[in-house]
Each structure stands twice: as C-alpha cells, then as structure tokens.
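The structure appears right after this line, and notes come after that.
Labels run A, B, C, D and E following the written order; every chain starts at residue 1.
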Amino acid sequence: MTSNSTPAQGAASTTVAALEARGLGHSYGPRQILGGIDFSVEQGEFVCIVGPSGVGKTTLLRCLSGLQVSTAGELHVLGSVVKEPQPGVALVFQDYSRSLMPWASVLENVTLPLRANRVSKKDANARAYEALEQVGLAAAVGDQYPWQLSGGMQQRVAIARALAYDPTVLLMDEPFASVDAQTRSDLEDLVLRLQRRLGLTVILVTHDIDESVYLSDRIVVLAGSPAHVAEIVDVPLGAERDQIGTKSDPAFATTRAHVHNLVRAAAAVSPSTGTARVVDVP
Amino acid sequence: GGDASEPSEGPTAITVATYPVMSNAAVYIGVEEGIFADNGLDVTLETITSGPDSVPTLLSGDLTFTSIDVPTLINATKEDVGLVAVGAMMVGVDVDRGYVGVVAAPDKGIEDWADLEGKKVGVNALGSTPVALISASMEAVGADPSTVQWVQIAQPETIPALQAGQLDAANLAQPLLTAAEEAGFEQVGNPEQLTVGGVPTFLYVTTREYAEKNPEVVAAFQESLNASGEIANGDHELAIETAKKSTTVDPAVLDKVTGLPMWGSKPLTTEDLQKFIDVLVNAGQLDESDASIADQMIWNG
Amino acid sequence: MKAFRNGVSLLAIEIWLPLLLVVLWWTVSEYVNSLYFPPLRVIMEAFAENWLVPDKALSNLVPSLQLIIVAYSLAVVAGIVFGTTLGLVRPLERAVRPIVEAMRAVPGVALLPLFIVLFGIDQPMRILLVAFGAMWPVLLNTLDGVRGVEPTLLDMTRSYRVGRVRRLFQVILKSAGPQIFAGARISLAVTLIIMVVAETVGADGGVGYFLMTAKSEFRISAMWSAMVALGILGYILNIIFRIAERYVLRWHRLQQARLERTS
Amino acid sequence: MNASTEVTRAPRADRRGPSTFGWLLIQTGAVVLAGGIWWLASGFFPAGAIPTPPEVLGRLGQLVLTGEFWSAIGITVGTFALALTVSIVVAVPLGLVIGASTFWTQSTRLLFDFLRTIPPIALLPLLLLVLGADFEMVFGLAVLGAIWPILIQSIYAARQGEALLVDMSAAYRIPRGWFIRHIFVPGALPFVMTGVRLGTTICLLLTISGQLLGAAPGLGHEIAAAQAWYDTPRMYAYVLVAAILGLIVNAGVWAAQRRLLRWHPSVRGESR
Amino acid sequence: MTSNSTPAQGAASTTVAALEARGLGHSYGPRQILGGIDFSVEQGEFVCIVGPSGVGKTTLLRCLSGLQVSTAGELHVLGSVVKEPQPGVALVFQDYSRSLMPWASVLENVTLPLRANRVSKKDANARAYEALEQVGLAAAVGDQYPWQLSGGMQQRVAIARALAYDPTVLLMDEPFASVDAQTRSDLEDLVLRLQRRLGLTVILVTHDIDESVYLSDRIVVLAGSPAHVAEIVDVPLGAERDQIGTKSDPAFATTRAHVHNLVRAAAAVSPSTGTARVVDVP
C-alpha cells in the first residue's frame, strides 16, 4: 500500500464546502422521501451514506448530483446553489447495467463522457484503457458489448467510466455490490488511493458497514420516513488505511458496531416499506 | 339499331352510371319525365367519377350501362373487354363556346389555336380526346401541334395549376370552364367545333353479353335516351333546373354556366364513330391499323 | 439451424413461400376467366415485353427511381428531424399534436392543388408530395422511440454532462434506432405507393404513370406487370435497406438473438 | 436509477405544467394560430385557389344542418371503424407470430416486401370488380392499406422484448399462453402502438380515397362531387371534416396508448 | 432464532442427487466459459457457488436452471437428463431489475408465475402478500410499479417472487447484493429457515464469503478460464446456524479463511478478464 499523498483534509485548501445540503427534501408526487437533510462535505473528504434499503439514499445521491431538483431545501456546490449536474462530478449508478449503452462497445461507453467533453480520441482511449485496467478488466473487454459481460464486469465498466472522467467529485451508489470479495477490496483500495492522491471528494452509498468505516472520513446514517440524518459518525481512523491494519484497529470495531446499531435501529422501523422487519416463518 | 321493341311485362330494373356533373342532365330529365318508365325501364342512377374506373363495376353486373369517351371504348375494344356502344351520351358542340373549351391566361398572348404552338397545355390524359381534338383544331388553322408540350393533369387541379402559372393553357369542361372564366382566364376556343361538331364524343356502353341476352332492354334504353336527349337539347332551362335538383351543387354556380353539352338524340351509327376515329388517326393518337375498329365497337341489336 | 445458415439456405428460406404462392397463382389463374385477373403466364409475358426491354423499362424506371431516392431520403430526414424535435420538446409536441394529427389525415386531393400552386407540376412537386406522405411513419416512430429511451441512460448523459449534440446522436437516436428503422421500412413502401398517385400529375413517364395509363386503357396484363415491377422494386429497395439496417443495428440483432431461443 | 424516472425524464414544463384544461387551451391556441396562418397564406394564393377559413367554416356551418352530411360521415366512420378493427385484429397477432419466429420472418419477408409496395389505388379496379362500387370495396381498400404498417410494426415489435423476461418466464415455466398475454405482448406493445397510430390514419385516408375514386357513398364521395363542381369551399369543408375525424380518432388512440403504456418511459412523463 | 426443522440432510430421503453436473461446459460462440464442471447437489442441500467476477457463475447457474443448454457435458435433475427448465425450480436473477415486468405492479409480478401455473387468484395473492411480508415489504408496495421502488426493494420483490413460487429447488444469483446489512442477515436467516423447514435444495451464488460459509453445507469454488471447480469445500458447521453463534465458531473462521484464499488465488489470475489484478495507481 503506497500512500504518496497528503491526507485528504489537507488537500482541501479552501474553507468552502464541496457540497452542502440545507434542509434538502424530496417527494415523488405525494410521497415525501427525504425530509430536511442537512450535512456538508468538505473538499477532499470521503463520506459514506448508509441506511436501510428504500430509505432514500439513491434519491439523496441523485439530488446531490443535480440530476434531480430537490423539492425542498437547498444544495450548494462550492458555495453556489445548483439545480443541474455540475462539471467534474461523476456518478456511478446503482442500476449500472441500465446505465451502459447496449449499442456501444465497452470502450465507447467509457469514452463517451470524455469525447463529449472535448477530449481527443487518442487521449480518451488511453484514459479509458487505463481505467479499465485499474478496475481489473482486460483491454480486450473494450471491444465487447456491455451485455456480453458478467454483472460484476459491467459494474466495473461503470466504475471505469467514472474514473476515466477524471472527476473532482465522485458519487457512487453501491458501486461494489456485484463484484467478488477480492476485487471488492482491490477496488476499495483503488478508490481510496485515487481519492487521497488527487484530493477527490467522494460520496459513496453502501450497504456494507465494514466498507463504509474502512473507506470514509465520516458516515452519514439515514433513517426514518421521510428520511432524515440519524447521525453523522466521525471515523477516527486517520488518513492511512489498509485492509488488514485498519480493520484490526480497535477504533474500527467500535465505529463499526456503532454504525451497525444505528442502521439496525433505522431498519427496525423499515422506513419506506412501512411495516415491521423481515418476518419469521410461522 | 334504334327499332323499339315494346316490353310486355313489368318494368325492367337497370342501373345507369352518371357523373356528378351536368353531362347527365338528359338521363335525369328522362327519368323525371317518366320516359324510361314509359319504355318499361326502372332506372337507378349510380354516380361514378371516371369512365374507365366504372368498367369493372359494369363487368361485375352492378351497373347496366355506363358512359365512356370514344378513345376509352377504342382501347376497351382493342383489349377485348367486351363492351359495346348502345348510344351517344353527348355529341360534339358546333359553336366556339361549348361544353368544353381551352382556356389561357390573358397575359400569355394566346388568342387562337395557332398561338398554342410551343405552349404548355394541360389535358386530363396524354392519350386522350382533348389532345386529339386540340391537335386537329391547330392543324385546321395550319399550326403545328407537335410543338405543344402536353401536361397530364386532372381536371380539379387544372385551375390551381393555371393560376400558379404552371400551365399556359388547359382543356376544361363545364362547370370548371365557367369557373376558370370567373377566375379571369379566357377561352381560346372549343376544340370540338372544328373537329367533331355533331359527332358523338361520349357513349353509353354495356357488355356485349348483356346486350345479347337483353336486346329488348337495350332497345328500350336507346329509345328513352334519344327521347330524353331531344327534350334536353330543346330546353336548356329545363336542363339547368334538372341539374340543380339532381346534384348537390350550389345553384348559384349553375346559373353562371354558359355553354351546355349537346345530348345524343339520334341512333348511334358506325359512321359517327368512324368520324371520331379518323380525327384520332389524323392526330397520330391511333394507329392506321386500328382505323377500322368501329364495327366492333357498336351494338347492332 | 446454425449450420443451415449459409447464404443458399437463407435464400431458400426466403423464397419457399413466395415460390409456392407463385406456383399456386400460376395454376389457378390459368383457369380463371376474368378480364382483370389474367393468367400469370400472360402477366409475365407483358412483364418481359415492358420491363425487360431496356429502352422501354428505363424510360419508366429512371424518373421513378429518381423520385423514390430523393423523396425517400427527404422523408426519412424530415421524419427524423421533426420526430426528434417533437419527441424531445414534449410541451411543443403536446401543443401542436392536434395540428399534426389533423395534417396527417388531410386527404391528398386537398394537398395536390396546394402543392401545385406552391411547387409547380414537375418532378420537384411530386418529390415533395411523396416525401410529405412518406414522412409520417418515420416521424411517429422517431417520436415514440426518442421518448422510450432508458431513463437511466439519459441520467447518465446528464450527469456526465454529455452535450446535447452527442447525447442526441450517440444516445437518443441510437436507442431509438430499432424503432426508427421500423418506421423507415414502412415509409419505403409508402413512398412507392404515393409515387404512383403523384405520377398521374404532370408526368409523362414512370412506373406509376405506366400503371395508371395501362389501367385506363384496359391493358390489364400490362397493369399487372407494372405491379410486379413495383413489387420487385420494393423488394430490391428493401434488401438495400436491410443491409443498412444490419450494419447500423448490429448490436440490436446480436442482443436480440438471445430472444429467439425461447420465444 | 430507473425508479425516479417520472421526475427526471419530464421537462420542467410538463412536470409542473398546465392541467388538462390548460393543455386544451394551449392546443386550441395552436390550432387558432394555424388557422391564422392558413388565412394569411390563402391571401397569397390566386383568388379562389385556397378558400379562407371563414369561407370554409361558413360552408361547414351550412353543411352540418343537412342530413346528407351526417349520413356521409356515418358511412365513413362506420367503414373506417370496421376496417381498422379488422386490420388490427388480423395484423397484430399475425405480425407478432411471424416476428417471434426467425423462420417465418424470413419466409414472409420477400412476400411482404413485394405486396406492400403495390399501391392500393392500383387494386381499385380489382376490388370494384370483386366487391362492387360499395361499402365492401371501400372496406377492402382501407384494410389493404392499413394492414401493412400494423403488420410490419408488429413483426418488428416481436423482437423488442427484454431477453431477461423471456428467461424469467422460462425459469418459472410460464405456459405459452400466459407468456404471450403477460410478457410478450406488453413488451411488444410500444412498437405495436406506433403501428396502430400509423394504420389508423392510413385507414381513414383510404376509406375516404376509396369513396372518392370508387364513387362509393361517404365523405370521399362528397369531396369528389364538390371537386367536380369546383365548389372549393365545400370541398375544403369536407377535407376539414376529414382532418377533424383524423384528429378525434387519433386522440382516441393516444388515450388508449396512455392507458396501455402508462408504465413505459415514453408515457411516464406525461401525467394525467 | 428458532429452528423447528430436522437437519437438511435428513430431509433428503432418497439417494438420487437433486442436481448433478457431469463435465458441464459452456461456450458463447468461440469463447469457452465453462470447461468441464463436475459436482452434484443432494436433495435438501444448501450449496453456495463462489468465484471471481466474470468466472462463469451466472453462466453455470443458468445451465443448472435449464435456461441455457450447456454446449458440453450433461446435467441430471433427479437422475434424468434435462435440457429445459424443470418444474419446481425458482430462479432469482442477478439482474433483478430487468427480470421484473415494468408494466405490471409488484403484486402482479409476484403472482404471475403462480397464476400461470394454475394457482387461483385468491391463493396466489395470499401467497404473494405473505412472501412480500417475509422479505420485509409492506403490502402497500404490491400496488406500485417495480420502477417506483429502490434497488434493494426491487431485489426483494424478485426474491419474494421466487419464494411465493414454493419451489423445491431454489437458485439464487447474488440475491442479497443490494440490500442493507440488517435486511441481508434477516433474508439469509429467512432462506435458511425455509430451506430447513421445507427441505428445499438451494444453490446460491454470492460474493460474500462470510455469507457462503454461514449459509451452506458445501461451497463450490470456481476458478480459471475456462472455469473449473477449484475445490468443493465442506462446511463443518452442522445444521443449526445463527448469526452470532455460528460466526463465532472457530470452524467458521477457518472455513472462511480457506475459501477466502481459494477465491483470492482464483482472482489472482482473473480468469475471464484475461489480465492481472486491479492495478496500482502509478
């Protein structure tokens, strides 16, 4: 594990927040999903969002990305109110397979955002191949169609697309859900390294509490219906992380347990599904 | 043949095709005045829009008689469709302002047949009566019809095309002829005048099969037709009034119409047809080899 | 099936049914005694006479082909442009929907005088008339296809700030591709059909002119031969079209090949 | 995330846009605007070539008081409705069946490409001969015209399904009938509906053309009569009626589409 | 944690295998994915399949389900060769969101396989509501369209569909990838209980090695390109499992470590992607 960068917080040279949500609320028609979300993310910070299934994490991420205009509250990016997607923000969709164009090869899928943002074909291809390699996909995969790939490979294509985009803010919605444990920890380390080295701001939605503690500086726990911030947990693990050392740190275990309890409590009321938990077999 | 053979029993039902214009006024008058009924015919009138297109209906038996122009019958005879002419619906009008006419915009400098040389002239079909008649009219005044640029265009589209300057002149029949004059175009002449004045131009036809099986019906039809034509030719006011009743047209339009057709009132003869055929042959519209076709076109009950 | 699939057997699959029907037609029509349904043998004689003699055939085919190519191209381009515009700008589409639907339903008799006044009576007018009529299948299909794009893909392009032009050409139109092609295939036939009608105005040649003239002159086997010529023309054009489709929609064909197994 | 489609897909104006009534006003406005353009434009044409809206509407006003007008419309609508129903009932199942099988798609391709290009108008004499100059002939003509777009579109539609849903129904051993009814047809419907919309208009146009050319009673016949008498306002009044009929019929098809495809991205954005 | 059933192996009263793969191989066109897979699953057994992303797990599961006819080898279900899906086999697809019909409500999605197999509407609805409740979805969700649900909720609908089908063999492809940790362990326990109680045969593909050890009687580890069975690991944990007790069993840790090493070794050659592992940032 090489860490050749300053700690993330150090990389944030200004005091203005990368992202700031103030009383952010969202409703689909009459159904209110998010109710007054307040939190801010510093530049260069790594924040994870956790919460029970259906609580509104994807909705929140979509609001943060500017894809969706929240129906209440305000969203500031670098101090100014935004209502639409901002440059330098890359998003990895939870529904990754639908976010890939079936008519385009993997390479074209990865280069499209680059070419669309005036990167020359040569550079775009080089960056795409580099990103594909980083996520563990062979160059030959570039010529295939996405639907010829396995689920995990498709998910990695979606990640590669985000990485090749060279974002300053990276929003990821359960990006490692479909890859094997080994690839998963490799990808976690990859994102962590990139984040540290390039001073990226990363907001990552995950269901894996170990992952959230391992990766992030702070964890936002969502709960309730409409969803609110149950707690923002600081992760006292310092900037240097590695799969073995960090996870055996006692602070890891306590943070993990704390977040676990928060999510469990949130899940116990099963917010947006309305009833009690998974039911016992009679 | 025009010899009447009296039907003895109840009236025979026949269906006769008519156009939604005034060329049918004679039949209407005949029906109104009971001439057909007197001859033992119970007539149903069916509207058609085009002579050739009514032939399938005639063949299928839904029509007993329909009307087509001479060239159409020549074609049908050549192709062995099995049609025979039983009477004249209209005969060529012998005056300079008739039922059909060639109109031109006043600023085109077209005042008589000779001026059509080298002009764009609209006709409803390229191998049709108007081409032959206009050509013959031009030749009659010593002009060269081969210089004319014929343009195929349906009657309803003709006036818009004239107005848009797409045509220099065009052949029109009533009531479009009057409408064109209303719109400011001027009549150059009546192409029938110098060519087929008094010669049948539109014929009533039936299938040879029907005629052979029902010669007495055909005879009664011929009888009634000629009697009706007689009345219509003699009383233009009645013809107009009948048109007002028998079509859905705006009476105001009808009042403006000058120049009526001449309806057939005499038995049809081979010589009549031959005159028309000669005009066609002279105009190069018909092969010499087909010039003796008249015999096969006519019903000699 | 896969081993089957060389060029020859593909041809065999494609022609067995038509061949069967032709044989049936040939046999039955020999015994039908009707002016308007001549024996196929006679039709083929007329076909040989009218469409296999280069001089005669060319004078009718050249104007028609010119009309088809230009009018069809115009129809497809216009259909895609208008369809995309209306598909993307939903309020516009909804506002003008009554006008569009009414316009589609205006009978040709009303359009013809208008087109003559506007565009004359020569080939350009016929081209525009045909293009106008043939545009609708492409337009409607484009409209529906553009609106059916996977929402996640649109979100993706927005989030990665893929510009309008690229989004349009690389995402929206490609996604609508299968549907646009379906429309274009219908338009192709509509082009030929309206051509026949258009060639009755001001024309002095063309397949449609030939057909309508033959019809009014009771040259029924010649009329049938023109229909055969139109059919063959339609088929050849469809082959060209299919080659283009195979190339452009390669991904779709491959992807959908998975469907065949079960359905 | 496809879940939140409704909000992201629709342009803002549609989202917090006008009510149904509001749309009706906007659409009426657009129609009035188009009428205005027509009025202005008719001034540029030689007198009488294109009648003005008041002339046409005035004539229409007279016509609606007559019985012939309504009987012409009645016959036209009746023939059209029957022809469209038959076309849909025949073409949609046939197209889907053919499209679902590569063998039949390939076997019928030549035949259909050949037949499709034969203009219905050329078949008019044949229809007149076989069916007579009447309702049956117009009906036959309308079916011959409308059936092709619906058929071709249905053939294409059969290939649009989500492959995974086919797998799903195989895995759960969903019988053919159920598969067709609940998975295959709904998946094909977006394409089929476009074909139906195309076919609807073509069917109406050919009903009118058939009446016009074959002199069968109905709207087309009235147009032909008006044309023959150079009664342009009257002709345009009937043309306007034809256009309005097209409008009404297609509004019906749109409504059906909105209902049938309310799950589809193309409709999700269009609330109410 | 209530265990009211006999051990799974006990439930298998016959000796004939539920599923038996002999030399199973599969190729997509020229590319061979599976090369001679041999293993068998007893009736009432719980088997997990693990392996690196892209190795061919989904392909194998599709072959086992009969959806895909393997291009080599044989598949026996209850002793007879099969070439098409068998009755009583339910499959949860990895790409769950695409396996739900967008035009049907959640309830209709769940009941369709039942109704299609001649279950009366009333019974089908009752079973669907029960299954939805079991996976933690409120009855109200039944009226919604799948695309109105969050990713995790959609996944649970797909699971509910399989459960309501009342299968004897349950094939699941990464079925819990998109749900939160709490729901995940609840669902794990749910499947385990059902399996024990009803004597189900379950084959589950997962990337979570803890999950595979916790749930299964045996773990099939796939590796290589074309994929082969690297090892079939017996899980020495007995029939009774519970989230806390089982996971603190020393045998759990050793099995877990063993499987982990196998997958890591398999991933190290990154079979179907062709190149080496996730690459370091330069």
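By our rule, contacts are C-beta pairs under 8 Å (C-beta built on N, C-alpha and C of every residue); 3 or more make two chains touch, one makes a residue touch a chain.
Source: prediction; values computed, not measured.
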| item | value |
| --- | --- |
| Minimum number of chain-to-chain touching steps separating chain C from chain D | 1 |
| Centroid comparison with chain E (C-alpha atoms), farthest chain | B |
| Chain at maximum distance from chain A, centres defined as averaged CA atoms | B |
| Geometric centre distance via CA averages, chain E-chain A, whole Å | 27 |
| Inter-chain centre distance, chain C versus chain E - centres from mean C-alpha coordinates, in Å | 49 |
| Where chain B and chain E are represented by their mean Cα positions, the distance between them in whole Å | 85 |
| Two or more partner chains touched - positions in chain D | 1-3, 5, 8, 45-46, 49, 125-126, 129, 167, 169-170, 179, 212, 224, 227, 264 |
| Touching two or more other chains - residue numbers and ranges from chain A | 28, 58, 62, 67, 93-95, 98 |
| Multi-partner residues of chain B (at least 2 other chains) | 50, 53, 55-56, 59, 156, 160, 163-164 |
| Chain C partner contacts - residues on chain D that touch it in the complex | 1-2, 5, 8-11, 13-14, 17, 23, 26-27, 29-31, 34, 45-46, 49-50, 100, 102-103, 106-111, 113-122, 125-126, 129, 148-149, 152-153, 156-161, 163, 166-167, 169-170, 179, 184, 190-191, 193-195, 197-198, 201, 204-205, 208-209, 212, 220, 223-224, 227, 235-236, 239, 242-247, 249-251, 254, 264-270 |
| Chain B-facing residues of chain C, complex | 35-36, 109, 112-114, 116-118, 120-121, 200-204, 209, 213, 215-220 |
| List of chain E residues in touch with chain D within their complex | 62, 65-67, 84-87, 89-91, 93, 95, 97-99, 101-104, 108, 112-113, 115-117, 145, 147-151, 154, 161, 165 |
| Parts of chain D lying in touch with chain B, wherever the complex brings them together | 45-49, 68, 124-126, 128-130, 132-134, 212-215, 221-222, 224-231, 234 |
| Touch list for chain D against partner chain E, complex | 1-3, 5, 162, 164-165, 167-175, 178-179, 182-183, 186-187, 189, 261, 263-264 |
